[in-house]
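Single-structure report; data block below.
Chain nomenclature is as follows: A, B, C, D, E, F and G, assigned in order of appearance, with residue numbering initiated at 1 for each chain independently.
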Amino acid sequence: MALKIQPLADRVLVQPQEAETKTASGIYIPDSAKEKPQKGKVVAVGKGKEDYKMTVKVGDTVLYGKYSGSELKFDGKDYLIMREDDILAII
Amino acid sequence: MALKIQPLADRVLVQPQEAETKTASGIYIPDSAKEKPQKGKVVAVGKGKEDYKMTVKVGDTVLYGKYSGSELKFDGKDYLIMREDDILAII
Amino acid sequence: MALKIQPLADRVLVQPQEAETKTASGIYIPDSAKEKPQKGKVVAVGKGKEDYKMTVKVGDTVLYGKYSGSELKFDGKDYLIMREDDILAII
Amino acid sequence: MALKIQPLADRVLVQPQEAETKTASGIYIPDSAKEKPQKGKVVAVGKGKEDYKMTVKVGDTVLYGKYSGSELKFDGKDYLIMREDDILAII
Amino acid sequence: MALKIQPLADRVLVQPQEAETKTASGIYIPDSAKEKPQKGKVVAVGKGKEDYKMTVKVGDTVLYGKYSGSELKFDGKDYLIMREDDILAII
Amino acid sequence: MALKIQPLADRVLVQPQEAETKTASGIYIPDSAKEKPQKGKVVAVGKGKEDYKMTVKVGDTVLYGKYSGSELKFDGKDYLIMREDDILAII
Amino acid sequence: MALKIQPLADRVLVQPQEAETKTASGIYIPDSAKEKPQKGKVVAVGKGKEDYKMTVKVGDTVLYGKYSGSELKFDGKDYLIMREDDILAII
């Protein structure tokens, strides 16, 4: 599925992964107790800037700080668009 | 329709797109419940700066953060003028 | 009328245009309801800086953000002196 | 009268001009109603910095923002010492 | 044990060392009295930036300021991911 | 008397001059009414920085802003150590 | 006694000198009246940064601002680790 969206400059579009709603012991917890997801999949990458080359690629799974980026709704799905510098690591 | 306005430096003039006043289920919602638009059409682009070349072009549909830019009224229409760096993505 | 004033560096002297005191429907509105003008005429331009060349010229009509610049009274007239970067667009 | 004072770097010593205590209509107004002066005469100029060449010269009459600079008392007279960047224009 | 995680740019993944729960005099103290650990082992290192070469290496024991970095949970273990500049010293 | 102290980088050690405790009319005023001194003698000068060459020299009398620098007590005397950029002028 | 600790980049490890607990008149003052020490001995020095060469050396006695640096406990002794720029002077 190709997303027709081109992040500007050093920005990255990330699709957050669902927080598990089941604890290790198999008990379902209500929604408000879920931790805000910090893991996501890169779905679109900007072209960088004159003095900044992008590192992450489409398809990478990345970790990012809570509260990073701006929320975007697109075809009914939630995305985050953030600067690559907000991405902590590729896993 | 050519707008006789030349944004300075790295600024972009954007015409916000109307927020839909109908929900997916076809129900009209009152004005105060509408989300502030985050999508718009580029209608004029600055010439960039000595060390900054513009990326967006007139006619591009862009996403931008809520609260980005300054509001301008022009011939009875509302526009936003913002720095290109406030534009998140081209769609 | 040549103003004997030389703005320093990247500054621009702007003469604000009067806010219209008549609405589209032809009704006069009291002074406190007037919007602070955001349109003005450039009357003097600084020489720029070593790494900054000026774009606006004397005679240009410009848009600028509300609250931009410092107010100056000169021969009984009100002016604003602002950095060129505070100017949003030439119209 | 040569002032034996050498402003450092990009600083300028300015002697504020007295605010007029008479209005246009010739009525004297009490001291507290006077506007803080924004006009002054340059009496000493720093040597600039490695990457900054001075523009104003001794003898220039300059406009500067209210609250600019530090007040200095010298031989019973009040001066302001400010960075050249605080000077708005030469008149 | 190789951690499949690649910190971005100038970031370092650190595994905090347990705070001693026994005082010098051999008395166990309750958890809330423990000092937050400031010592840790480097388990993954970013590739640096165009103008910044990394100094620490995997396996180094490092000291870092309290409150440095973002907490990450990974395979049930707690890590901190921080910029190398948050690391005070290698011991 | 040579002070065995070497200010680091762009710092300057200044010995504040006593505020006059006698007014022009010859009346002594109590200590709390004295203005904090803004004049001092340079007693030691740092070696500058790679991109900053010092201007002031030992023996110069300088003016500096109130509240500039850190107070140091040395052999029972009070000094101020400040960055050269806090010095306003040489007199 | 060689400390096995390598400060990172432009950091310096300083061992604060005890504040004198005796006043000039020979009277002991209680602990809370002691001034926080501002004098210390350099015990370890970082390797600097690509664009910053270190000035202080191990063994130097230095003055530093109150509240500078992070406190570190090491083998039962208190140290401060600070950037060299927090050091005011070598004495």
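Here is the rule we use: a residue touches a chain if its C-beta (ideal position, glycine included) is under 8 Å from a C-beta of that chain, and two chains touch if they have at least 3 such contacts.
Listed by chain with UniProt protein names: A, B, C, D, E, F, G = Co-chaperonin GroES.
All values derive from a computational prediction rather than experimental measurement.
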Smallest number of contact steps required from subunit B (Co-chaperonin GroES) to reach subunit D (Co-chaperonin GroES): 2
Separation of mean Cα positions, subunit G (Co-chaperonin GroES) and subunit E (Co-chaperonin GroES) [Å, integer]: 24
Centroid distance [mean C-alpha coordinates] between subunit F (Co-chaperonin GroES) and subunit E (Co-chaperonin GroES), Å: 44
Numbers and ranges of subunit B (Co-chaperonin GroES) residues touching at least 2 other chains: none
Chain contact graph, described as a line, ring, star, complete graph or other shape: ring
Chain order around the ring, beginning at subunit A (Co-chaperonin GroES) and proceeding next to subunit E (Co-chaperonin GroES): A, E, G, F, D, C, B
Complex interface listing, subunit D (Co-chaperonin GroES) residues touching subunit F (Co-chaperonin GroES): 4-9, 11, 13, 44, 47, 50, 70, 72, 81
Subunit B (Co-chaperonin GroES) contact footprint on subunit C (Co-chaperonin GroES) (complex, rising order): 38, 51, 53, 55-56, 63, 65, 84-85, 87-91
